[in-house]
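Two complexes are shown next, each including subunit A; its partner changes from subunit B in the first to subunit C in the second.
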Partner chain A sequence: MDVLIQLVLNGILLGSMYAIISVGLTLIFGIVRVVNFAHGEFLMVGMYAAYLLAAKFGLHPYASAIPVVLLLFALGALVQRFLIQPLLSADEHIQIFATVGLSTALVNLALLLFGADLYSVPPSAAQGSVQVAGFTLVKGQIVMFVCALALVAGLHLFMQSTALGRAIRATAQNRNAALLMGVKVDKIYVIAFGMGAACVGLASALVMPLYPVTPTIGTYFVLTAFVVVVLGGMRSMYGAFFGAMIIGLVDSLSGYYIAPDLKEVVYFALFLLILIFKPTGLFGLGRGTE
Partner chain B sequence: MKSFARAAFAAALLVAASPFAGPAAAQGTIKFGALYPFSGGLALLGDESFRGFELAVEERNAAGGIDGKKIEFIKGDAVDPNQAVGEARRLTSVDKVSAIFGTYSSSLSLAATQVTELAGIPYFELGAVSDPITERGFKYVYRTNATARDFANRMVDSVIEAIAPALGIKPADLKVGIIHEDSLYGQTVSGYQKTRAKEMGLNVVETLPYSAKSVDLTPVILRLKSAGVDVVLQTSYQNDTVLFFRQMKDQGYKPKAVMGAGGGYSTRDTMMAVGAENMEGALDVDFTQYNTNPKAAPGITEFVAKYKAKYGIDPRSGHSLANYMGAKVFFDAIAAAKSTDADKVRAAVMKVDIPVGETATGWGAKFSEQGQNTRAKPFLMQWQGGNLVTVFPETAAVAKMKVGVGSN
Partner chain C sequence: MSLHDSSLKDSRSAPATPGGLSVLSRLTDPRVYCTLFALSLLVIIPAWSGSTFMVHVFVTICVFGALATAWNILGGYAGQLSLGHTVFYGLGGYTAALLLTHFGLSPWIGMIAGAALAALVSLGIGYPCFRLRGPFFSLATIAFLEVVRLLSIHFNGVTGGSAGLVVPLQIGWPWMIFREKINYLYIAFGLLMLCLAVSYAIRHSRLGYSLTAVRERDSAAQAAGININGVKLWAMAISAALTALVGTFHAMYMTFLEPATLFSLATAIEIAMFALIGGLGTVAGPLLGTVLVVPLAELARGWLGASANGLHGFVYGSVLVIITLTLPGGLVGTFGPFVVRLIDRLPGGGRTRADVVAPATKIITGTPGEVVLKAQNLVKRFGGLTATDNVSLTLKRGEILGVIGPNGAGKTTVFAQLSGFLTPNAGTIEILGPDGKWHQPSSPDAFARLGIGRTFQIVQPFGKLSVLENIMIGAFLRHRSVDDARAVALRVAKLMGLDDVKDVEAGTLPIGGLKRLEVARTLATEPTILLLDEVMAGQSQSDTVKMVELIRAIRDTGVTVIAIEHNMQAIMSLSDRIVVIDSGKVIAEGKPDAVVRERRVIEAYLGEDFVDAQGL
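Moving on, here comes the complex of A and B:
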């Protein structure tokens, strides 16, 4: 029983990490309608940035969250403005190729600059764990959980109660109608892509104390993030959050009770079942909204 | 039809050209190919391996070369198996080398040796560990270094010969857990471990494969913890090694010993990322590293001095040493053959008989019919105070083995 509770706790904490990454992906997909295959590489860029800030200026990764979030916002905005925007009216496949190309380019750029070695920030308190009623919780993961909740709540407030948030929601609902209402759609896209990337920036600052960075680190996280996004109904931020929790729990429980190498099989099987029986995702709004 | 004619012409040229390989070598030089990954993802350790070969060549040339002939080598850059084949073809047919030395990576070696075997040219493998390289019945492929099976056997034997006595527990009473990443590398080594452990009567209570790309190994750790595993044998790359050590600490799992098979366990990067105090006591089976007793590995100190003089830094891994040792053994064999004829070289290699503890890696050299060195045994090392030191066997040890892992 103790093991079960420990696994559930681990699963929720793991899920919160997936949540922060997936919320960013959902924003980009839901608003700009672009599948961003370079999402994992954004994470890698953010992690290298956090590493460099720690190595050169002695900044704690959590303190580096602010500059890294700004940097990633800029990166996302630039990618949207100069890579995606010229292709917006082109076929969807072309946009996918563009992001896949960007992903490959970023990985190789990192290989060129940093080599294949792994880098990590100096050990900090975030790596330690605390005992709560006999259960072990990793401090860095608790921080992630709190941040994931704060991120979703913050984005909710932003979307519901600011003019920009309303414009973003209008654009996501109907691009042409928003355009007719005087919303500068292109600008909204740039902001939305930037926000999605900024979420990954936050994730990379939080992940950095727990995982060393390598050029291919993005691939470790991003496949799961895609599953989470689809599970969550593709456009729903809240869906992405709960989807991430489900995947975190499945990951943790199946790794223990079935086999560690089969946990991917379990959640991809779940993924296929959901695609077959509820193609709009668990939290989707129904047919036609995907 | 045209292309067939061209192929036939090329083949005719090849056949016609081969007799000239002999006379070319007689003019005061002897030509070898050095086939390593010099660029791409494997380049770092590929280059490190090549440095060992290069140093062996320089040493030999300074001492008068082979049979009074200077050694010349031509580099081949094998980035992937396709290119390994291409470069092996170029070296054997265009450059007409008398033998090829290589390769660091098993997949490259498996591909390149098929070319040299067909061309009837000796291939000396100095660093790749995959067993099948010398299990395909090839006549002109030889290997000095230890194989994956040697690694696995040494790990299992260390549990019985080193860990159990140090703990004062009977080997059969220890609960052993085997964990490994689930690609070919992990599957191969852990497969040999299971076989050996069964032979030796060890009690393996858990065998857990996991994906090297996993971001969470706590299920693995909790399984080991609930099974009460005393000794963990891990076959892993760098990222998963780091993750395992970090999460083991987080989850408060304290096995009596953790042992890795080279890979992620040997690099300084791993130790730095895990932290010296958490890596303390971690055991590692690998090629001979530099904190080894020179009495058991004569020439190791001189090698490090030569390396530093030439490249300006300390050796980056044990790969250079293994390649240096292997190249020297084969240079001697070729000198003894007094010819670069493949069959005469084979006869000379079969006659090589160097006892254990008389080369710079501490290995001996005696080749099986398949060309595999039967006297290459990897050593057991341990992280102590941020350094990887040899602890077993005793003749090669520079420090006493400690019990326990990490600061907890």
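Moving on, here comes the complex of A and C:
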């Protein structure tokens, strides 16, 4: 029983990391209606940025969160403005290829610049753990859990009670109607893409103390993030949050009860089943694949 | 004139001259001899240079050219962007390697087994995933690839796992392993030719046209009687089998198999990338993309060595991004027509195809006046709205039935049910088939095969195909061969006054032309019952008159017509019988002159107050 509770706790904490990444992916898909295949590479860029800030200026990754978030916002905004925006009315396959190409270019650019070696920041307290009622919790993961909750709450407030938030929601619901109401849709898209990337920036600063960075780390995380987003119904931030928790649990439990190297098989299988049989997501929060 | 086939983006197609011309005469066509010359360079250059490195580069070009060509059958023709195609490549490799290791079977046999297995697996992946749209199909194929890769690592007893599997080194043709590297090139080139031949054949067959139709607009494809999932599954199985063949060869060439390279996501993306760079949906594009990009990367690797780790991927990714932004049609899609025009200036070029027009269709036999369609008590609800409320209709052979009613009355919803695009919540639709039996079809393509032809109120052209090709898509329902379909399409184009614009890209037609194209594509399916949804809208006065005459002429060949129309003058003069629908119900039925006098009909159009004021 104790093992089970420990696994559940681990799962939820792990899920909070996926939650931050997936909320960003959902923002981009829900508003701009583009599946960002380069999302994982944004994470990789953010992690290298956090690593460099730590290595050159001795900045703790948590302290580097602010510059990294800003950097990723700028990266996302630029990608939207100069890559996605010209292709908004292009065929869908062109949009897919554009972000796939960006992803390939970024992975290999990192490989060119940093090689295939692992880089990590100096050990810090974030890797330490605390004992709560006999269960072990990693401090860095607790921070992530708190940040994930704060992020969703903050975005909720922003979307519901600011003028910009309302404009974003209107654009997500109906681009043309929003346009007719005087919303500057192109600007909203740039902001939304930037925000989605900024979420990844936050994630990379929080992940950096726990995982070393490699050029391909993005692929590993983003495939999981896609599973989460599909599970959560593609366009719902709250769905993405709960989807992330579920994947965290599946990861933690199947890693223990089935086999550590098959946990991904389990959630990819889950992903395919959801995609095929319940495209609106587990909670029916999204409009799915139509 | 085959130049205009460029709307289907194919620069190297040899003109299909009528009748079987001799091989010699085909060879004197510059399109044929230029293609053969260009392809032969793939063997001549490395053989002449004699360098092992050059041979390796050209084997790689042939392998990836073949993979991209095979991928294009699904990704380009059918528009299903698989980013997990290395599943089939890996299956081909592992099947042959394992059969060789455990049973001593020659890889040539393993190759066939691998292809068969890959085709089967592809059906298992395609069947559930084809309902997914765009990026979600791509994601699902990535997920399948990851699952297969992880499983192949997990079951290391079979596959050797991450440690890999070394192919037993027996040398000679039966074992596909050679000391003389040039032999590998012969096989790779042969596989490339096979993939190109299959791709070319599909592109110029009924299957190819059907795939393009499905990719461009699936509703119109269904109305033309195409079984959407059926044709996609064919494309997937063929593409997977070819990919597996190449996979077997490549595994024997590398003599070492590991999940990370055989089931590689990066390779799967590269394959798709080459096809896009060259031109999706073209025969020559995937190979051309490979020829341009692969040597660049291989040479960079050769010159810069390990320090350039990642350089080739960076180049690939950047080229891909630039292509999407500047040449979304790819190289062949953009420059192909121009190059073909140049080639046609060479000696022996510029042949045109004689237009063969099919004779008029035979008159439909059957007893005039017999019931051919029975719709009973149809009910269709959308949430709280009952769009069709207990509607019953019968159609008699050879009549023209007009359906009128105010906007939003539910006329189009009834049509959608009569053609299988919507399934009623209650009620039945029975159709008298050509076999004289009653049928209850369940999918739009089944309705079309039974002889129901429908047009769409909101026109549904295959925008990037020429007008003639649009009509051919319809003609393929009853005619298997391209030549027959073309002849029928030409006849229908003439009938509908579209022969002047037959080579124009359909998307550029004005609305009147598009409406006529709707009718033309439907007529080409040679329907026995024709459902016309507001075909007069957007037509000029004189075109309306022509359309009325035309509908009469169609009826005179024995076709039964049911038409929704707001143009009252036209529909009243045309119809033998009128059905009035309002708020989802049939409120009146009868002869045109009687129906227009009915109080409920006037009420439906003009409101109760008007009726009262007029004292009716």
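Brief remarks on what is shown
Here is the rule we use: the second predicted complex is superposed on the first by the 282 of 290 C-alpha atoms of A that agree within 3 Å, B and C clash if a C-alpha of one lies under 4 Å from a C-alpha of the other, contacts with A are read in each partner's own complex, and residues count from 1 in each chain.
Convention: contacts are C-beta pairs under 8 Å (C-beta built on N, C-alpha and C of every residue); 3 or more make two chains touch, one makes a residue touch a chain.
Because the structure is a prediction, the values reported are computed rather than measured.
The superposition on subunit A brings subunit B into a clash with subunit C. Once the two complexes are overlaid on the shared chain, A:Pro212 sits against subunit B while remaining clear of subunit C. In the superposition on chain A, A:Val35 contacts subunit C only, with no contact to subunit B. When both complexes are overlaid on chain A, the residue A:Val100 reaches subunit C alone and has no touch with subunit B.
Comparing subunit C and subunit B on the residues of subunit A they touch gives the larger count to C. Touch criterion met: A:Ala116 reaches subunit B and subunit C at once.
In the superposition on chain A, contact is made by A:Asp261 with both subunit B and subunit C.
Using the contact criterion defined above for the overlaid structures, shared-chain residue A:Asp251 touches subunit B, although it does not reach subunit C. Legend: residue contacts after superposition of the two complexes on their common chain; A:Ala177 is shown touching neither subunit B nor subunit C. When the two structures are aligned on the shared chain, A:Ser129 is found in touch with subunit B, with no touch to subunit C. Overlaid on A, the two complexes show subunit B and subunit C touching the same residues of subunit A, namely 111, 115-116, 219, 259, 261, 264. Residue ranges on subunit C touching subunit A, taken from their complex, read 75, 79, 81, 83, 128-129, 131-136, 138-140, 142-144, 146-147, 150-151, 153-154, 265-266, 269, 272-273, 276, 280, 308-314, 316-321, 323-325, 328.
Only residues 35, 37, 83, 86-87, 90-98, 100-112, 115-116, 215, 219, 223, 226-227, 230, 259, 261-262, 264-265, 268-269, 271-272, 275-276, 279, 289-290 of subunit A touch subunit C when the two sit together in their complex. For subunit A in complex with subunit B, the touching residues are 3, 6-7, 10, 14, 17, 111, 115-120, 123, 127-129, 136, 138, 210-212, 214, 217, 219-221, 224, 251-256, 259-261, 263-264.
The touching residues of subunit B, counted against subunit A in their complex, run 41, 44, 182, 208-211, 213-220, 222-223, 226, 238-239, 242-243, 246, 249-252, 269-270, 272-273, 275.
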